[in-house]
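Both complexes below contain subunit A, partnered by subunit B and then by subunit C.
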Partner chain A sequence: MTNHWVDLKNSDCILIMGSNAASNHPISMRWVMKAKENGGKLISVDPRFTPTSAKADVYAPLRSGTDIAFLGGMIKYILDNNKYFKEYVVEYTDAPFIVGEKYDFSDGLFAGYNKEKRAYDKAFWAVKKDDKGVPERDPSLQNPRCVFQLLKKHYERYTPEKVSEITGTPVPDLLKVYETYAATGEKGKAGTIMYAMGWTQHTVGVQNIRAMSIIQLLLGNIGVAGGGVNALRGESNVQGSTDAALLFHIIPGYLPAPNESLPTLAEYNKKLTPKSADPRSANWWQNRPKYVASLLKAYFGDAATPDNEFGYTWLPKLDAGQNCSWLNLFDAMYNGKIKGFFAWGQNPACSSANANKVRAGLAKLDWLVNVNIFENETGSFWKAPGMDPKKIKTEVFMLPCAASVEKEGSITNSGRLAQWRYKAANAPGKAKPDGDIMYELMNKIRELYKKDKGKFPEPILNLKWDYADDKGHFDAHKVAKQVNGYFLKDITLKDPTGKDLNFKKGDLVPSFAFLQADGSTSCGNWIYCNSYTNAGNMMARRKKDDPTGLGLYPQWAWCWPVNRRILYNRASVDLNGQPWNPQKAVIKWVDGKWVGDVPDGPWPPMADKEKGRYPFIMKPEGFGASFGPGLNDGPFPEHYEPLECPVPKNAMSAQFINPTIKIFAGDMDKHLTCDPRYPFVATTYRVTEHWQTGLMTRWQPWLVEAQPQNFVEMSEELAKMRGIKNGEKVKVSSARGEVVAVAIVTTRFRPFKLGEVTVHQVGLPWCFGWIAPKDGGESSNLLTPNVGDPNTMIPESKAFMVNVIKA
Partner chain B sequence: MGFTRREFLVISGAVGAGIGLSSLGIDMGPARAYADSIKMDKLKTAKQTTTICPYCAVGCSIICSTDTKTNQILNTEGDPDSVINEGALCAKGAALYQTTANNPNRLKKVLYRAPNSDKWQEKSWDWALGEIAKRVKAVRDKDFIEKNAKGQVVNRLETIAHVGSAALDNEECWPLQAMMRALGLVWIEHQARI
Partner chain C sequence: MSEGYSILMDTSKCTACRGCQIACKEWNQLPGVPTKNVGSYENPQDLSAATWKILRFSEGKKPEGQPFWYFFSEQCRHCMNPGCMAESEKDEIVQDEKTGAVLFTPKTKDLKYEATRKGCPFDIPRKDEKTGVLMKCTMCFDRITNNMEPACVKTCPTDALEFGPREKILDTAKKRVAELKKTYPKAAALNADDVRVIYLVTDDPKTYWKFAAGK
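And now, the complex of A and B:
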């Protein structure tokens, strides 16, 4: 989230699309409803009329997988009706940038496409720069090659009628949504978006979110109270674990993972540190070398020296283009290329798309380590229905861990707020905190490498691994301080006003502005620098002062970065530093300094031609980007059909599906589109009473009583067509698997009219699995396809094709 | 009197409810005495700590009351002091109690399943972690890739993979990734990808 949960109350219009917040982030609705009490509007766009829709002022249905068509129509509406916030668009976004001659778009394909490689040459999408290397801009927005005009041209085709033919949304409903949301383009008004897996789990997932980001930039909604682009993250610490880079492509703090073409730290820094020729661009990532050096010092301590590049060579390097993401991981496992596997607090046997392939992969491992608080379908895969334990060689280590209330530490919510939690009791039986498990395991591995050298022992033996307390137990405070960072020698630095600040060796670093590239500071994750300082554990704070009245609560816990509650808040003010909306001022320039939230950098407002900086400080050029030349599937979002869809062609262009997606072609990678055997669109979702695969909640009698078994929701029309009655057991099948579920026949789903064609959609929760409760049914991820977004490789679990018949 | 705000709420709530009903002519004496005895017992013996809900990422605060004699959690409830949830919880958060030792379904033993076996065996931590460490080292020593096909130094291991965990604390996630990267793993993924 660029903003945070409480801030929702400040919004004039909340669009919930790609999310059913009322069911899945229930307490968020507390703040949504406060916005409504203050006169704000709530819009719900969803294939199904959900509990969120029930609270909405405006509801519009759409067929799963057609969000870009829907949002592209909104972009066109905003531009055609002059609803955009011109001052913001001209000053703070790339709309005036001139795009180079090579860029083109024709019939669904952007310039630079290579059919054999299924990939684009992004050099075709470069923007024009002047002699100094600064992007050329036309503030009048009239140049036919400026981003604004190209955007207009791109979405010319997205007329309400064309959109409706694709999405199945009635034209009046479309227009009602467009009109209501576009009203936030007025200066001083704020609109926000709440989205979740309903947008990410598509072969066009990133472009769904980009389409909305373009709308937010056009309407001037980023940086302001009640605005922003807000991903509702689904796990209590999925934000923190992403920040910590439990992902193949990054190392902590969103630094790119090293690869073969970056053999030295010097080359890593040279190639990956962005440059800007514009003195008015803060280009914050120019500080990257400081964050990398400090991270390496946190990893390897005293063993990291300037002579050994702070241990950079000890980090694993990917091959260029090597993609070790989820779907590829389980493809490698299924093909017998992985021997050992840790599933730590996760249940891929139910959570992965095409879960049958995952389960088959687990049977090909030599060994599996599963750490969890309950028995689950991953650790016990060898005794699943259809498995013959005698034929499965995989050894399984099932390690019982502590629950959230049985240990101490912080977790980071969707609003980037790191809150500390305390230990209330010991874990039952022999269960241990995860911290102790990993600490002891690594100590055992280190002992083995000490005793009997083995391959490349340096990173293992040099890893700083001293996170135990006096009694030998894992100490969360020691790690929290390491993540925040230390000064490693006495040092004098200057604060932003030029005053000398003296730091001693062993002091905690107060802010990432003080991190160094020469090895004199350590920091496990630069964005968490400031979270645990000499003044104490900022994440444990519980003070409720609210000086702005906006609900920023600056002393409640701690928010990254540097306790800034609203990102890009410099875009909430005009060139003179005065808020677009004086009643809801996030920051304001008063008597030569900023008051309010922690501003996005110390510089004065833009009116100061010398010292002012553009507000989008994480972009090299400093502008919010409508034109995204960095993505794999094009600089503008374009509608493509899901890999499995109910229509024989894309009504928008000759390009049927996203031309850059990776299509797996093994015996378990089946997909069937527009096939009469699988005539219905399907999607998956969750219920309030269960969480994710249900691993934690299916073992709780109170929750199982409320939601005991898998179900499939369908329209009355579909039920009639198939002769299915409400409450009957039915079989739902796809090209990959089948599940038995109880039919819920409801008006919450309605058939979609796509031009002359009627299309039906069904939906199933994915919270169930064979292990518990008894007769609760199987995971709906047995049905979903293992195909991913070309940028993130997040699977397309939200749009696929099924059949439904009586069981 | 040294009441905290929460203790005051608990006591005044119990008394207030009794007065409310007795004005309707219902004798709440015995019930009130029973309610008071539970509440007072909780006050006398419970230690209160705050936690953050382990489910979605709204970050609701929850108060855990732990019996100081038995060290068992005896109650969990929404934290009215939280600026985010102001005491409110959803069905899952309100059932947090059933994730604790109070739930007999919790895993309490280290279990091992041997190749081709159809059952779990109980093992010690020392044995299990020692055996895992041996297997990690054996695979790593055999399969570690110092140079790729082009002869470039890559220092990685492709035959061990890790997934998880968005359920851990930040202070656990960080050492977990550090450990996996020190071993040379590149298959490091978790919930954010799906």
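And now, the complex of A and C:
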């Protein structure tokens, strides 16, 4: 989230799309309902009329996988009707940038496409720069090659009629959504988006979110209270785990993962540190070398020296171009290339797209360690329906671990708020906190390396590994302090006003502004620097003061970065530092200083031509980007059909599907589009009562009582066509698998009219599995396809094709 | 009798998370019972000795064609003049002086079940088949007499459930109805003069639940 949960109450218009927040993020509705009470509007766009839709002022259905068409139509509406916030667009976004001559777009393809490689040469999308290397800008927005004009041209095709033909949304419903949301382009108004997996789990997932980001920039909704682009994270600490580099392409703090083409730290820094020739751009990532050096000092301690590049060579390197995302890992496992697997706090046998392939992959392992609080379908895959335990050689170990309330530590929520939790109870039996399991495991590995002298021992033996308390247990405070970072020698630095500040060796670093590239500081994750300082554990704070009245609660826990509650808040003010909306001022320039939230950097407002800085400080040039030349599938979002879809062609262009997706072609990688055997669009979702795969909730009698069995929701029209009665068991099948589910025949799903064609859609939750409860049914991920977004490789679980018949 | 307490259930704010239904079971340590999905989110299918609160789901199409989905967190209304008490001769059913909570005592096992149930305009009382005792919501009597809100109210994320002194709740209900009427002409506070658990609806009460406003 650029903003945070409580801030939703400040919104004039909340669009919930790609999310059913009422069911899956129930507490968020506390703030949504407050916004409504204050006169704000709620819009719900969803294939199915959900509990969220039931609370909405405006509801519009759309066919799964057509969000870009829907949002592209909104971009066109905003531009055609002059609903955009011109001052914001000109001063703070890249709309005036001039795009280079090589950029072009024709019939669904951008310039630079290579058919054999299924990839673009992004050099074709570069923006024009002047002789100093600063992007050329036309503040009049009239230059036909400026981003604004190209944007206008790109979405010219997205007329309401064309959009409706693709999405199945009736034109009046489309226009009602556009009109309601575009009203937030007025100066002082704020609109926000709440989205979740309904947007990300598509072969156009990243571009779905980019399309909305463009809308938010056009309407001036980023940086302001009640605005922003807000991803509702699906687990309590998934934001924290992402920050700590859960994913393969980054190391902690969103630093790029090293690869073999960058063998030295100098090359890493040179290649990956963004530069800007514009003195007015803060280009915050220019500080990257400081964060990398401090991270290496946190990893390797005294062993990391300038002479050995702080141990950079000890870090694992990806092969150049290697993609180690989920779908690729399980493909490798299925193909016998992975021998051992820690399934830690997860249940891929039910959570993964095309779960049959995952289960078959688990059977090819030598060993599997299942770290969890309950038995689950992953650890017990060998006795699943259809498996013959005699034929499976995988050795499975179960390590029982402590539940969240049985250990101390921090949890970072969607709003980037890191909250410290105390331990409420001891774990039962011999179950241990995850930290203890990891700590002991690494100690054992180090012992073995010392004893047996394994290959490449440096990273193992040089690792700084002293995070135990007096009794030898993992100490969350020691880790949290290392994550914050230390001064490693006595040092004098200057504060932003130029005053000398003296730090002693062993002091905790007060903010990432003080981190150094010369090895004199350590920091396990630069964005968490300031979370645990000499003043104490900021994450454990519980003060309820709210000086702005906006619900920022600056002394409740701690928020990254540097306790800034709303990101890009310098865009919430005009060039003189005065808020667009004085009633909801996030920050304000008063008597030569900023008041309110922690501003995005200390610089004065932009009216100060010398010291002022552009507000989008994480972008190299400092501007919010409508034109995204960094993505794999194009600088503007374009509608493509899902890999599996109900229509024989893309009504928008000759390019049927996203031209850059990777299509797996093994014997278990089946997909069928526009196939009469699988005529219905399907999607998956969660329910309030079960959490993720239901691993933790399917053992809980009150929750199972409320939501006992897998179900499939369908329209009355589809049920009639198939002779299905409400409450009957039916079989839902796709090219990859089948599940039995109870039919919920409902008016909340309606057939879509795509021009002359009628298309039906169904939906199923994915929270069940064969272990428990009895007769609860199987995971709906047996149906979903293992094809991913070309940028993230997140699977397309939210739009695929199925058949439904009576069981 | 003092004015006692009331609960306001504002259906316009309810998002069907069913936190109230689960919290009721948790606080009162009522068992989960085996259920089947019968083509609806609603489960269990009815009140019982083990279930004192159910979220009722109701869906359909409005005259103009848009779907609706209504949520109604059903429970004992704690009537001002409880119909169930007509069968009570001694202290099988009592009405607490201070709070106004209507309480079934263990002696309800001596009552005629069918008659007691019929006496309730909202069809709330249920019999524990093992003990013969009649069961229902207690307004979380053990909590409210210890300065705590009822468990269902405490857990509600959107403040669709509100608990407080009766005058205050009646006042809130009145203001809220006036506000809702601007958008929903049928908005009403159901049986506000006669019950302590007052439901705010924005449509015909029977669309929510057949006994929403009484039999």
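We take it that the second predicted complex is superposed on the first by the 807 of 807 C-alpha atoms of A that agree within 3 Å, B and C clash if a C-alpha of one lies under 4 Å from a C-alpha of the other, contacts with A are read in each partner's own complex, and residues count from 1 in each chain.
Assume a residue touches a chain if its C-beta (ideal position, glycine included) is under 8 Å from a C-beta of that chain, and two chains touch if they have at least 3 such contacts.
All values reported here derive from a predicted model rather than from experimental measurement.
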Partner chain in contact with A:703 - subunit B first, subunit C second, else both or neither: both
Touched partner set for A:26, first subunit B, second subunit C, both or neither: both
Partner chain(s) touched by A:711 [first = subunit B, second = subunit C, both, neither]: second
Partner chain in contact with A:124 - subunit B first, subunit C second, else both or neither: neither
Contacts of A:656 with subunit B and subunit C, given as first, second, both or neither: neither
Broader residue contact with subunit A after superposition on the shared chain, subunit B or subunit C: B
Touched partner set for A:53, first subunit B, second subunit C, both or neither: second
Partner chain(s) touched by A:689 [first = subunit B, second = subunit C, both, neither]: both
Set intersection of subunit A contacts, subunit C complex versus subunit B complex: 26-27, 30, 688-689, 700-703, 706
Interfacial residue positions of subunit A with respect to subunit C in the complex: 22-23, 26-27, 29-30, 33, 49, 51-55, 59, 687-689, 700-709, 711, 725-728, 742-748, 750, 775
Footprint of subunit A on subunit B - complex, ascending: 47, 49-61, 64, 66, 71-73, 76, 81, 83-86, 88-93, 95-96, 98-101, 103, 105-118, 120, 125, 128-137, 139-141, 143-144, 146, 148, 150, 152-194
Complex interface listing, subunit C residues touching subunit A: 13, 15-19, 21-22, 25-26, 31-41, 43-44, 59-61, 66-71, 157-159
